[in-house]
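Common to both upcoming complexes is chain A, partnered first by chain B, then by chain C.
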Partner chain A sequence: MMAVWNALPALWQDIVVMLLLLAPSVVLGGVVLRGFAPWPLVRAILWRFRGASVLFVALIAISVGMGIGLLAQERGLRQGTAQAADKFDLVIAAPGSEITVMMASVFLQPSDMALLDGVTYNEIANAPNVAVAAPLAFGDSYGAAPVIGTTAAFASYLAEGHITGRMWATSSEALAGTLVPLDIGDSFTPAHGHGDGADAGAHGGAQLTITGRLAPTGTPWDRAILVPVETVWEVHGLANGHAPERGAQIGPPFDPAYFPGTPAVVVRSDALWANYALRSDFTRDRETMAFFPGAVLAQLYQVLGNIREIMSLLVLVTQMLVTAAVLLGLFILSRLFRRQIALLRALGAPARFVFAVVWSFGAALLLAGAVLGLGTGIGAASVLSRVVSARTDIVITAPLGWAELHFLAGFISVTLILSLVPAVMVLRQPVVPSLRS
Partner chain B sequence: MGPSLSIAGLEVRDPRGRVLLSVPALDVPSGALVGVEGPSGAGKSTLLFALAGLVAARGHVRWGAQDILALGSERRAAFRRETIGMIFQDFLLFEELSAADNAALSALFHPRKARAGLRARARENLTRLGLSGTGARNVTSFSGGERQRVAIARAMASNAPVLLADEPTASLDRAAADRLIDDLVTFVRRTGTTLIAVSHDPRLIARMDRVLRITDGTVSGDTTPNTAEGAQ
Partner chain C sequence: MRLLVLLAMLATPVCALAQSHSSHDHHSHVSQHGDLRAVHAWTRATTGNTALVFMELENTGTDRLMITGAQGPRGAPAELVGFTLQNGQARLQPVDRMPLNAGHALRLEPNGLALQITGLDAALVQGEAFDLELQTDHGTLPVHVEIGAPDATGHSHAGHSH
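Let's turn to the complex of A and B:
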C-alpha cells in the first residue's frame, strides 16, 4: 500500500489527500440531504437571521483566513529566503556566528565581524575548482541603499550577466541594484554607516558614478549599490588590495600585503562536490569557518518549524473556539425558529428533514465562511508578502498551496460533522411546547 | 372518504402525573365538522394535539383502522403527512417565502415524484380560498385573513382528509374572521374533509355539525348546533 502511495506523483498525492479530507463532508451531506429539498427553508432562515448570519460568516472567514494566510505566508517566507540565498553557494568568514555572517552577506543586515586577511583570501581564490571568490566589504550606504564592495565577477554572477549599461571599469564607478533610485550617469557620495547614524560627510571626497543597473534578483541586493571592493577600502583610507605600482587595478588578484581584510568571501565552485571539499578545507579552528547559507537556513527553518507548529496549534485552537462559538450560536438561533421547526413536525415532516434543515443552515454558514476565508487568507497573505518584501527586499510570494487547501478541506469536514450537534439538539426539543410558545 | 375518528380511554397527563385530558370514548364520523369549545386551559388544544399524535398519551385514538397512539414518532409523522392537516391561531407561516411556497411547504419533505402534484394542489387551494394570483407575493404583505387562508392551503396541500384547527380566527378582526369562516366551511364541505376546530369564536362554533365542550380536561357537553347548514 505504501509502495503504491509512494509511487504516486506528488500532485496526485495532494489530490488524494484533498479528496479524503473532503470525503466526510460530501458523504455527510449526501446522507443528510438525501431525498429532501430543504434549501427554500434554509434560505428563508438565513434571510430572517441575516445579521447574525453575516456575523457568523465573517467570524469563520477571519478564523479560516488567518490560518490560510499564516500557512501561505510561512511557506512564502521560507521560499523567498531560500531563493535569496540561492546564489550564495558557500560563504567563508572568520570564525563566529554563521547566522550573523549569513545575515550580513546574504541579507545585507549590518553587523560587526572579524576580517579575513589577504593570505587567507588568496588561498581561497586559488583553491582548486573555485570559479568565483568574491570578497565583500560593508559599512557604507547611500540613503536606504547599502554600498557593497565586491568583484565584477560576483556582480555579474548575481545578475546572471544581465546588466543594463556597463560594468564598472574604475574605482569611481558603481552598479545600482534594480530598486536603487539612481539612474545610469547619476553621481553620489557614499555615507559612512547606515540609517540615521550614517555620516554623510565621512567620505566627502568620493564621488561615484552609476554605470549600470543590475537585473532584478528578488533579494536584498536589489536595493544595494555595488562598487569595486577597492573603492570601499580606498574611501576608508586603506590600501586598495594592490601594490602601489598597480594601484589602478580593479579586481583580483589581490596582493596579500595590501589587502585590508574582508568580513566574508562568497565562493562559487565549478562543481557541487567541490563546495563540500572547500567547506571542509576552510573549516579551521580559530582561522576560518565555511558554511552553506542554504544549510544554515534549513537549520533555522527547523527551529522555526517548531514555532510554526505552535502557531498552527494556536490557529487550530482559535478556529475550534470560533467554531464552538458559531455552533453555540447556531443552537441559540435555532431556538428562535423553534416554532417553525415544531410546525414542520406538526405537518408531518420526518425528523430527518428537520435535522437536514438545521444542519444545512449551519453548513451554509460554515461553507460560506470557509470560502470567504479562503479569499481572505489569499488576500492577507498577499498583503503580508508585500509588507515583508518592502521591509526586507526579499521577494516573497505566497500563492495558494495544497497545504492551505488541505487545511480548508479538513476544517470544512470537521465543522460540518460538529454541526450535527446543534441539529440533534434541535430535534430533541418537544413539539407541543414550541407550538404553544 | 376520509377516516372516521374513534377515541377510547384517551388520557393525557403532565410530567407530574396530573391528568390534563381524559376522554373515555368519542366517535366522529368522516366528513363531520366538529367544534371544540370551553374555557382556557380546559384541555381543548391538548385534545387537538393528542388527535394529531403530538403528545404522549394513553388509550386509543383511531383514525379509521389506524391507532395513531400505537405508532412510533416517525410513523406518526408519516401518518400526519398523509392524513392530518393543521392550522394555528397565528398561522406560523415562513415570512420570507411566497404564498405559493408556504402553501406547498410539505413538498419539501415529500418524495420527489409527489412534489409537482403537491405544488399544483397548493396553488389550486389558494385559488379556492380566494387567493388566486397572489401566489408569488411574499406573505409579509398579506392581511391576517389572507395568511390564515395560506395556512389552510398549506394544511390541505397533501389532500389530507382531516383538518385540525387551533383557534383559526382568534388573530383576525370580526369581518376577516367571518370571511374566513365562510371560506373554511365551504372548503371543507366541498372536499369532504373532517374538520375539528378548537375555538372561542361563537360564529365558527355555530357553523359546526357538532360541538364538544371541554371542561377541566373532560368532555362535558356534546351538542348539535341548531343550524340549517349543520342539518344538510
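Let's turn to the complex of A and C:
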C-alpha cells in the first residue's frame, strides 16, 4: 500500500488527500439528505433570517480567509527569500557567521566582517570549474540605495544579461538596479555609510555616472547601485586591485599585492559537483568559510517549520472557535423558527426530514462562508505580499497551495459534522410547547 | 578496606564494559578503506522507498579520490545527489562523481551533498542499522549506517571525534 502511495506523483497525492478530507462531508450529506429535497424550505429559512445568515457567513469567511491568507503568506515569504538566493550558488568569506555573510551578500544588510586577501581571492578565481568569482564591496550608499562594488561578470549574471544601456567601462561608471531612482546618464556621489548616519561629503571627489539599468531580479539587489569593485576601493583611498601601471584596468585578474580585501566572494561553478568540491576546498580552519546560502535558508526554514506548525494549529483552533460560536448562533437561531419546525412535525413531516432541513441550513451557511473565505484568503495573501514586498524589496507572491486547500477541506468536513449537533437539539425540542410559543 | 576491594571488584567489569562499548562504538561509527575514511554515517527512519544517507568523508592519503556512487541495503541502488534551490524550491540533483582532494574532508549532510538510496523494499526502523557500499575509483568502502529518528538532523554521536 505504502509502495503504491510513494509511486504516485506529488500532484496525485495532493488530490487524493483532498478527496479523503472531503469524503466525510460527502458521505454525511448523502446520508442526511437521502430521499429528501429540503432546499426550497432551506432557501425560505435563509431568506427569512437573511440578516443573521449574512452575518454568520461573513464571520466564517473572515475567519477562514485570515487563516488561509496567513498560511499562504508564510509559504510565499519562504519562496521569495529562497528565490532571492537563487543566484548565489556558493559564498566564500572569512570564518564567522554564515547568516551574517548571507544577510550581507544576498539581502544587502552588511555588518562588519573580516576580509579575504588577494591571494585567497586569486586561488578561488583560478580554481577549476569556476565560471564567476565576484568580490563584493559594501559600505557606501546613495539615498536609500546601497552602492555595491563587484565585477561586470557578476552584474551581468545577476540580470541574466538583460541590461538596458551598457555595462560600465571605467571606475566612474555605474549600473542602477531597476528600483533605483536614477536614469541612465544621471550622475551621483556616493555617501560613506548607510541611512541617517551616512556621510554625504566623505567621497566628495567621486562623481559616478549611470550607464545602464539592470533587469528586475525580485531581490534587494533591485534597489542597489552596482559599481566596479575598483571604484569602492578608490573612493576609500585604497589601492584598486591592480598594479599602478595597470591602474585603469577594470575587473579581474587582480594583483594580490594591490588587493585591499573583500568581505565575501560570490562563486558560480559550471557544475553542481564543482560547487561542493569548492566548498570542501575552501572550508579551512581560521582561513576561509564556504557555504551555500540556499542551504542556510533551508536550515532556517526547518526551524521555522515548527513555527508554521504552531501557526497552523492556532489558525485551526481559531476557526474551530468561530465555528463553535456560529453553531451556537445557529442553535439560538433555530429557537426563532422552532414554531415553524414544530408545525412541520405536527403536520407529519418525518423527524429525519426536519433534521435534514436544520442540518442543511447550517451546512449552507458553512459552505458559503468557506467558499467566500477562499476568496478572502486570496485577497488577504495578495495584500500582505504587497506590504512585505514593499518593505523588503523581495518579490513575494502567495498563490494558494495544496496545504491551504487541504486545510479548507478539513475545515468543511469537521464543521459539517459539528453542525449535526444543533440539528439533533432542535429535534429534541417538544412539539406542543413549541407550537404554543 | 573490604569496602574498597568490593568497590574495585565492582568497578572493574563496568570499566571493561565501558571500554568494550566505546571500542564497539568506534568500529561501528568509523569505516576505512585505504586512504578513505567514513565517520558517523546515518540516515532517517522511513517507510518510503527512498532515503538520504549522510556521513563525513576524509581523504587521508596523498592522491585525489573520486566518489562515484553507492549501493544500499539488499542491493538497492544509490547515487550522489546535491541539494539546490531552484526558483525558491528545494531540489535534489544527481551528482555523477565527486572528487575528494588529498588531505581534504567532505561532509554529506542535510541540505547539502548526500547519497540517495532508491527502491528500498523494507522500512528503515529507528535504532537499527544497515550496511552500504560506497564506491570510489580506489575501490569499495563498506559503511555501517545508523538509522535515526524520522526528523533527525544529525548522527547520534555527532560532535564526538574518532
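The rule is simple: the second predicted complex is superposed on the first by the 437 of 437 C-alpha atoms of A that agree within 3 Å, B and C clash if a C-alpha of one lies under 4 Å from a C-alpha of the other, contacts with A are read in each partner's own complex, and residues count from 1 in each chain.
Just so we're on the same page, a contact is a pair of C-beta atoms (placed from the backbone, for glycine too) under 8 Å apart; a residue touches a chain by one contact, two chains touch by 3 or more.
All values reported here derive from a predicted model rather than from experimental measurement.
Q: I'd like to know which partner A:A277 touches here: chain B for first, chain C for second, both or neither.
A: A:A277 contacts chain C only, not chain B.
Q: Figure out whether A:K87 sits in contact with chain B (first) or chain C (second), or with both, or with neither.
A: Neither partner.
Q: Counting only touches as set out at the top, which of chain B and chain C does A:R268 meet: first, second, both, neither?
A: A:R268: touches no partner chain.
Q: Classify the contacts of A:F292 with the two partner chains as first (chain B alone), second (chain C alone), both, or neither.
A: In the superposition, A:F292 touches chain C alone.
Q: Contact-wise, after the overlay, does A:R345 reach chain B, chain C, both or neither (first, second, both, neither)?
A: In the superposition, A:R345 touches chain B alone.
Q: According to the stated criteria, A:R48 is in contact with first (chain B), second (chain C), both, or neither; which is it?
A: So A:R48 only meets chain B here.
Q: Show which residues of chain A both chain B and chain C reach, each in its own complex.
A: No residue of chain A touches both chain B and chain C.
Q: Which residues of chain B touch chain A in the complex?
A: Going through chain B, the ones touching chain A are 45, 49, 52, 54-55, 73-74, 77-82, 84-86, 88, 92, 94-97, 101, 105-109, 111-112, 115, 154-155, 158.
Q: Which stretch or stretches of chain A touch chain C in the complex?
A: 2-3, 6, 78-83, 85-86, 272-273, 275-277, 280-281, 283, 292, 294-295, 297-299, 302
Q: Under the stated contact criterion, what part of chain C meets chain A in this complex?
A: 47-50, 80, 82-90, 93, 95-101, 104-106, 110-113, 153
Q: In the complex, go through chain A and note every residue touching chain B.
A: 35-38, 40-41, 43-45, 47-48, 339-340, 343-351, 353, 431-432, 435-436
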